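One chain, chain A, appears in both complexes that follow, with chain B as partner in the first and chain C in the second.
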Partner chain A sequence: MAKKGWDEFEIGAMLRSFDGSIDDIAGTRQEDRTYSENNSYKASVADWRLIKPVFNKDYCIDCQFCWIYCPDVSIIARDKKMIGIDMDHCKGCGICVEVCPTNPKSLLMFPEQAEDEAEIASWPKKDEEEA
Partner chain B sequence: MAFDKMELRDVEVWDGNHAAAQALRQAQVDVVAAYPITPSTPIVEGYAQFKADNYVEGEFVMVESEHAAMSGCIGAAAAGGRVATATSSQGLALMVETLYQASGMRLPIILNIVNRALAAPLNVNGDHSDMYLCRDSGWIQFDAFSPQGAYDLNFIAFKVSEDHGIRLPSIINQDGFMTSHTAQGVTTITDDDAYNFVGKFKPMNDMLDFEHPVTHGVQTEEDWHFEHKARQHSDLMLKVSPKIDEVFANFEKLTGRKYSQVECYDMEDADLCVFCLGTSVETAREVATEMRAKGLKAGVVGLRVIRPFPFAQIIEALKDVKAVAILDRASPGGAPGAMYNEIAGALYNTEYSPLLSGYIYGLGGRDLTKANLVDLYNELQTNVDAGKVTTQLQQFIGVRGPKLSFL
Partner chain C sequence: MSEIKKIKNLKEFSTSADRFEGANLLCPGCAHSIIVREILNATNDDLVLSASTGCLEVCTAVYPYTSWDASWIHIGFENSSTAIAGAESMYNALKTKGRLKQPDRNPKFIAFGGDGASYDIGFQWISGCMERNHNMMYVVLDNEVYANTGGQRSSSTPIGSSATTSPSGSISYGEKMNKKDMMGIMAAHNIPYTAQVAPNKWKDMVKKIQKGFATEGSVFINAVSPCTTEWKFDPKDTMMLTDLSTDSLVFPLYEVIDGKEWNITYRPKNVVPVEEYLAAQGRFKHLFKDEYKYLIKEWQERVDENWAYLQRREEARV
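Now for the complex of A and B:
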């Protein structure tokens, strides 16, 4: 966002969520909404994440638990199918991993610098005792 | 939901609290969130009574503290309503954090402060300690000298604050008990005229506009905060003063009552000036007239608008005066009085240099008597005759014990 001068923005400690007026926002997907530059959707607010969830779709049953529980709306689901994680907004809290019911889990936490493909290739096997 | 109108006599006998409550009713305030405290309680109690009796269409929100009261007002104002409340002293002290939120968020809330001393020792009577406590909070601040002022300035404050070019909250000060509980004749405005003057509330960036969602109360750090504060200060310095003059002029057209940011009394040819606020202004005017009869060229300047500080008007009012007594009704806490500093600052870089002396008076409701003011004018004349301030720069008036003076 360009750094505006003191006389170049609207008064008040106030930010608009959208450019122009909106209608049926609940029925509009995030990527289709007219978010303003001020909206945190347009910003990365994840730079202090230390550990990250990695998603392994091979085990996912699309139960939507992670989508329901994520406190930052960072689980991306389409037509009730889990398709990935919004890494610009995920804070790495690990709640999605905690609530994932599959065996092995379809989401696991790894250090921020881990390679997703390598971790998926060496994913833990099914835990027979727990099953 | 309809509400009833109230038939008022042309002149009603009201104290300052009731006058302010009537103004909140006539302005049809949407939300009052309040926590009662002496001596301001009857203002919000009055609004609640008017609401219970169907004379106003609005909401009264009972909260658990003054901090919550102003927080409720901030929420209601951000939602898009006409909002007002009242407080005093310790309540204001608890409210101060949220005052800065309200002005920074540019929400046009009206706060009636019935001025009262700050503890300790605990005291319910009038002085200006609480007025000065929120001096730098970024609010527009008016001062009523009487119940009539408390009534009129509420309408004026709504009109100034709610203007979309201003959008800054306003405080109306009145002296605890001396104004708030002293009944005087108040010339009224009819319900229709009063409401038409203030006008229907026009929301701006309101949270209830669902087609244009906004976030109020955002956080900014070193990258944006300074610009926001600069904008707020610039608007206070440049936009508010002309707007107040415009609203004063329109109010005079409606009522015939003339207000000025700096209220001058017998100042045209005055050598001696007493500068003060609140009920002291009326006492000083009476004494000035008596001093004129004794041959002293005495005048009075009362400050009607405390913020934005009317720098140019102060210079204009004091430029031909020879000696000014600046009265501060608050313990200055280790400094010259607040108003003394401001007047000195206004005059310092001008070609005018009246003799300035500061006085601390009236703390905790101690009377400022006419005898005090007679002595004061005589002391100013002594200074004029000597061509210099013959006393120390800061003196205490009306305190028991050995004479107290500093600087």
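Now for the complex of A and C:
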């Protein structure tokens, strides 16, 4: 949405999160919500990232530690399964990788320009010493 | 809708639909949003929220964006507590007059504030709300510094910490004052529920928050929130730092019911020396110089003393 100039701000603004009304927000998943243009869900902070998490679902045990500890609501969990990462909102902090309990980890950080498929193909093997 | 949400394990918890959105401007690895998510997901009821000026407020309401999928208001630095108290009073008045459009809904009133807005600037307002016993919850996101304005000391900043207004150097070891015992002060208001929480112990936290929601009257929550920018550690280590803070007993997890019943809710199996907690943070780096090493010993003694005090309070039931 177009950015306003410093002298165009409204005094005391009210922003609506949604277009129209949602009766039960806590029971409506993000993909079913009618976000308005003012909701930061529509914005992206992907350009903050220097490194990005890559998810390898072969090792994931769906413990959901990454979901609860993600500060940016970027771990997508549906029906008790971790299904992916919201790359528009991930800032690349790396907390999800730190809290991942599997061996080898099912989430690892790679440089932003890395190819996901190539990194998953060459995923590190189980670290015996750590176990 | 007023029954307590059932959260048995993390898998069940992960079916919650978040009411806090990404693409807010909080630093990568900020614990604020982890705490906020855990609190908001602890209920399915409607929410009426406010935030004091501070990191959480400036980062989640950057015009023209909002990151909140609930009624949310920001007024001034000091009065997130009174804004919510006012909303709660109005709700009660309309309820009494029978003018609510949906009287079966049971909204929860929550005010958020940083430690600067709670320990210093909004102290009087919070005290007033607690004294009048509004049916609301006040949550302090305690990162022990005015992180939003550039790292000035607040009355929550612990002794020996290097803040921009109390820097460490050749003649000073940084902050000279000890941290204000906000939990004790709030418990002394004899409000129904006071608790200290940490985001790493999510189950303990959710339990306390739900207990707070079920309580009629004021609830005060103090949440430890490691700040990657001002505590000076790597963003990925946020949860490690929170683990250290709870396991070293710098932030003991406990609750106070009616100002009398003190319950310690988490007793670490292996208590970590405070030195490890201090060593993980850049703001305490200078304490490891020879001339300031005595402060680490003092830190340990103070933490042990506080832990012993809490245990005595728990036992005494007064």
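General remarks:
FYI, the second predicted complex is superposed on the first by the 119 of 131 C-alpha atoms of A that agree within 3 Å, B and C clash if a C-alpha of one lies under 4 Å from a C-alpha of the other, contacts with A are read in each partner's own complex, and residues count from 1 in each chain.
Assume a contact is a pair of C-beta atoms (placed from the backbone, for glycine too) under 8 Å apart; a residue touches a chain by one contact, two chains touch by 3 or more.
The structure presented is a predicted model; accordingly, all values stated were derived computationally and were not measured.
In the superposed model, more residues of chain A are touched by C than by the other of chain B and chain C. With both structures placed on the common chain, the touch criterion links A:45 to chain C but leaves chain B unconnected. When the two structures are aligned on the shared chain, A:18 is found in touch with chain B and with chain C.
Once the two complexes are overlaid on the shared chain, A:6 sits against chain B while remaining clear of chain C.
In the superposition on chain A, A:28 contacts chain C only, with no contact to chain B. Applying the stated contact rule after C-alpha superposition, one finds that A:120 touches neither chain B nor chain C. Touch criterion not met for A:76: it reaches neither chain B nor chain C. Applying the stated contact rule after C-alpha superposition, one finds that A:65 touches chain C and leaves chain B untouched.
Chain A residues 3-4, 9, 13, 15, 17-18, 25 lie at the interface with chain B in one structure and with chain C in the other.
Touching chain A in their complex are the following residues of chain B: 104-107, 167, 205, 211-218, 220, 223, 226-228, 230-232, 234-235.
On the chain A side of its complex with chain C, the touching residues are 1, 3-4, 9, 13, 15, 17-18, 25-30, 33, 37-45, 48, 62-65, 67-74, 77, 79-80, 82, 86, 88-95, 97-99, 109. Within the complex, the chain A residues that touch chain B are 3-7, 9-18, 21-23, 25. Against chain A, the residues of chain C that register as touching in their complex are 10-34, 37-38, 43-45, 60-70, 199-200, 202, 228, 234-240.
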